[in-house]
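Going in written order, the chains are labelled A, B, C and D, and every chain counts its residues from 1.
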């Protein structure tokens, strides 16, 4: 045993090894879409364990660096990212991780196909999936609300498959006053008097506290035009480009990059807008409403990435359980280890089924094929899906770390990153509690609560959990709020079971 | 709102603010012990939020560095630790964090008093509590099994309250072949032929994979004497001193420090014994048995530290909930936030009650006051306590990180450390599954299973969970193993409830 | 030879081993001063190779860190320095490195005594000698020009021997527009309207490009009052305190710490004054004149530190030459190595003799014992001394690095630092060319050129170099400027020879 | 002046801007060679200030990292280098920096052409020129002394212009016992008994203290076969390949990378040979003789790189002198600044003329066109050239740093690197003193001293320095050694003047 060295876990083509994904796609994609999508996904599943993996490790080990000044004292706010990070951006363009959703070659199925790409791309992307979520959300917002000239200028970049012309977008919402609560937004928008290539209407002044994509070319943000109301009602949505044609930042100052628990390769910054030219999208005071339509997309991204993350964690744990011996047996041959793994795997199946169920609703909505109640389901299920998958990904990541014992706690195995990154899924796009309350609010509109309940009763009749849920739904006021999380998880479990049945998982 | 800056969470004297601890101590400590202990604990509770806190931050931000060679190529294996880390070691000596358990001034209550010190010390110690666990375990092993001359040489150092003479101890058990499973230990022990200040009997050759205290002065380790049996049966326990009187390492080579998810200030190393002089303690093949008695201590340390950690996390979250506004109210005034916090606080009370219940059993056992069934309870409850508190500390830490939103994910707030450090509690001293199986094994001996069941029935009659537990306990073989975790948590919850009642929590 | 390891160089008491210093002090210090100074210097010579050395290494390996923001986004501009750096500041206070010059217990000899302390302190101080130079210069400026109340407030701090009350001072002269050329200073001084503890008269706005002591408590700086003339004529000298009584910076923003070739432990910063309260010292437009008197002090500090640096480099090289073998002999037994070392040692003797000759003139001037021509000599020799010792220290450091071969190029031996640090001596306080021209300008005033020439002729009659010098001094205009460096070095050599004779070196 | 920002220095095509180089090449290259070489050099001069410059900065800012172990404890000794460093290796292959010398398309002029390439490549290569020197030296040694099969196996790699097949070579001579003095080499060579792809004859055991190219594919080294004599006489030259066909190191353990003053991108390592298969080249005891022929090449590389470095430093200083104002004028309009720069420029012309004069001799010798006395000149002038250019490069670099004032001392301007890197030129390949003595030894053989003297008299009759030189040459024994440096510099100056005349500089 002197020269014993443990073999580490190994990954193989992540499409080919993922039965659940394959079943779901066979259920959701029409035949013509399968013909295109499946080989493409197999190809990406291979990249995910070869070149992408190398770049992701490089990107993780060389985090971005902020250079505020040049040697001579000029403010430059350069953000240096690694070769690996840049290579992963290229992959995103080449593989059409965003674009696939917008060519709508296969109708509603295009969104499912695109989410499957994202699901394979994400866990080997060093969280480049985050800028992509912002990009997709921005593309949707522009598609829905921007004037024709702005669309013509920007959409071809966001949807490009050519790395040279591909743009990513940022969404700069969070300020120091609040995370998800944007009502205290203190960024002002004054009328813009200069000239601007992209039709700026205002110049913005304010500080943004978390901006996840400061290396992107454009951003959407919220600001309060002169004279607008306080609170959320006074906010408008703005489009801006980060740099002018000389490559200088457009009156933007970056304060610092955040030193985060995880998502180490992602350049998350604190910044100030100091007279930044911006163009209003939609009308005065319509900001929150406009941004809401984007939230569906970014929350589903968050969910798909969380599920991709869970899959990755389990792939590593399962492979390792066939290689590591303890107390005379391989880990996988220990009944308790086996039952622990199995229960995590069952959680995974719930999550993936639930996620693609909602992704499919999104696809239907985007191409105008969703019924009224499907639209409502999409609206109420999205926050539930997001919080459900986020919590599962943290729990599973922590269990997987533990399954590796000491090796799981040591960074060069790559295992601790699983937990560090997973934690962010419960914070981005609204925490568990914020989204639980969002769900309650959604129930009140258009009889959404009843529609959801009917959907569950129809598909889940008799379940014990359903009884409990129905009881909780009768609560009101403070009491209902206190149980909002429990309600969310009961619904999440129920919908997951329905989806699993649908996809024969 | 332009100039709005959130105030961060603040800590106050951690003894004075901790009602649960105070109640427990009033229940467990006799009056004379209270007179001494309570002011001491109040004093330490103050240090925990003043000087110790500063040093802990310093120690975290200046992790230890391994210098393998001097400038001229000589192997030196120097481990440089920060000023803060060294200061925290001094506090440990001055405050008698280990010594208090061994003066036994208050009989069994001395252990309770000592564990209360540890509980306050630990969350502001940058995990210096880990070397202390090893030191306490070593003191106990030497007390029980070492020859008089060795005791006389070493115990005064381990139990010193003078930083100048204080020693810490390491326990070097883990090898590459196994974590908790030491049966594959490949360290050889050949007869020692030289001279040695501490009566070395063997010289050791082998590699130790995780050694948490390579800056300590002594260590206990396992090795296989020439000709001894394979597997665990052939292992003996050895005492060694790390450095000779010139300050050189005693034929020990340090390969590297581990870059860990958390416990950043703690110098965890991989090392080789290359002819290290060592003295056998106990007989050939008695190694595992001897080390077992130490495990009770280190596992209870792990539990107390996990509970101290939970308290710290909740103190921060509670203070912050009274400072942070969202959606128009302080966090603490949101019913859902409040109910979430309350449920974590309830978990905390379970954990602290359970921990001191077991610590008290340990104290009784150490001074010979434990009955036969109390000894058995100590044996079976120790692994359950350890796994129970570890899992709770991870869950609560993750929830607390989430409660801080984005700020919880940014390292300079100190919040992410809560999660990074918590994860280790489930790995050190045996993972959840390893300990669940250890519990099952313990049930088989001396009718321990029945004794525990009786204890629960007596104290918990009628509980629904108890019914489920009793059913699971009738399973056998593989099936029982599959449910070992569930059994452990059912027992944990039950004992926690019993202890809470006992301490009026 | 398998197990051959080279022994590194070792230092012994740097006072006891320094014959040249001892001879000079015996020549310059009266008997009563010797009685006090020599034991003190021997004590400091011991610290220089014991505790100070450890702290200096610690300070070098933990460079200062700038923290612009607190976790919640507040601008704090904290500069974290190491424990070693702080300990070296304490030594400076305790040993009276500045204070000794101002108690004037031994008249003019107090300055010589103080410079001897500095000479021993400096090479083991990780360049803490730089803040001390600024502190001494500030003390002198305040002594000469400040109002009584300001003196009473500040001088006791600058001259304190108690680390708790000791202050250091910064001098913030350099702006982006110019190094030594302050004429383009763009810091504005507006009338101050608020209240201020130290009697602020103006509030300053501007950017300072190199500020060597941003952890100090006070600073002197130049600014242009509203309406003052452009160029140097419009500048005034200002006193400011860095922090208010809450410990916040007084409207000062630190942009960044400079990442320098050497002087790694020294926190050199770029900063902005953003309405910083300041008190004018002297009248409007007198800034440059007032600062000039400080320059004598800081330039002599620069020189003494350069000579201390040379001594350190040679001590290391000489010790090593008795330990290292090459081609069958110790280095010191190779005639060429020996002659190389000897010539560097001869250069050292020139430098130390020249330095203390000028330090003595300074001492005389400060206590009013200097004759008119001695005052003039002090003025013209100071820039020459500074440039002469700086260039020698670079040359000698580079030669010493080379004498260590590969080991001299490897940072952990500490040898490369010699070259990295030496280079700064030629940049601080005016480069070689700037000072050469300063010397030429000085010649024009008060017949200084002739007085110097007479001094040289009197003491150096017949030297070949003197003939060359006299010829060059007859040049004029552009031609003279072209030869300014050569003139400076000819004078430097001549004065050094005169001083060596005087001190029997 | 508020918004004044200094412009930094800029480089333009380094071939086009270098008159001296152009004149020399027009003098030394025949017309057909010019037709090929000049456009190629112009092309490389452009890359030197465009893509290469970017990669060099990247390579400098991401120094190599040594990873001794994989996550599971296996020794791997991986050396991670940056993307920039790898790109610079590709440039070396593509541009034929080594290969050009060996195709000998233009006879002796091929070497001059190649050295001109190196001269342009080197200052933008982040010192990738060092591995190339080793590679060229190895190619020459193999060409001269290796068996046909080994040549056939290795030379095509060393001389490849295809990055995919290009190999670099290391030379591992230095041990802890001595730098240039290899007599104490303690690496043993035992007969090799295994099988080996490259015909290994021995297996080596020993430690190498400085190895500049541990990422190369092959190395030459010295070792002492069993039974061979002590001292230099017993050493043989060995060829080895670093990795086997699985990519594992061939029984080589890397101890650490050196943390150096400069050459930060270059992975210089300390390593052990632990049974490394190697093939003897030449006979037993011929090691030093064989390596000597390589030294001519590596010393001339050192010289050309030093001169390229000087050119770069002056290009930067000259450009800056036209941009920076001080005291009312551009730096270049200050007579003293101008005369300082001019004298450095004059030194440069001496160095480049001297270097190509010797490079041309090397070219002639390599193609068999050198006369007997030209061979002798090559032998005696090579060490002089090396020490002469090295010392000049340090002096000039330090002056250039000073010319930038504070900006020259700040790393992000790139200026400090000039001094840090220059210092190595005086250490690599023998220090100034070692080479001065080498020169004296060379004088004794084949009447070399007289032949050199005649050459100088013929070309330099009447010079004052020549008189001094002739006097020194009559010294003997210890006295001559003491003056060896002076002799070397007198000859260096004289030959430089002769060469300048020859090339009309």
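Simple rule for what comes next: a residue touches a chain if its C-beta (ideal position, glycine included) is under 8 Å from a C-beta of that chain, and two chains touch if they have at least 3 such contacts.
None of these values were measured; they are calculated from a predicted model.
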Quick one: point me to the chain whose Cα centre is farthest from that of chain A. C
Tell me which of C-D and A-D has more C-beta pairs in contact. C-D
Between chain D and chain B, distance of the C-alpha-averaged centres to the nearest whole Å: 57
How many angstrom lie between the centres of chain C and chain D, each centre taken as the mean Cα position? 38
Mind checking the centre-to-centre distance between chain A and chain D? Centres are C-alpha means, answer in whole Å. 53
Would you give the residues of chain D that are in contact with at least 2 other chains, written as numbers and ranges? 5-6, 72-73, 176, 207, 209, 410, 412
Which residues of chain D touch chain A once you look at their complex with the stated criterion? 5-8, 62, 70-74, 83, 407, 410, 412-414
Quick check on the complex: what are the chain C residues that touch chain A? 68-69, 72-73, 176, 207, 209, 255-256, 270
Enumerate the contact residues on chain D facing chain C in the complex. 1-2, 4-6, 174-181, 183-186, 206-207, 209-210, 258-262, 325-328, 334-340, 394, 398, 401-403, 405-406, 408-412, 416, 419-420, 423-424, 426-427, 431-434, 436-437, 478-479, 481-485
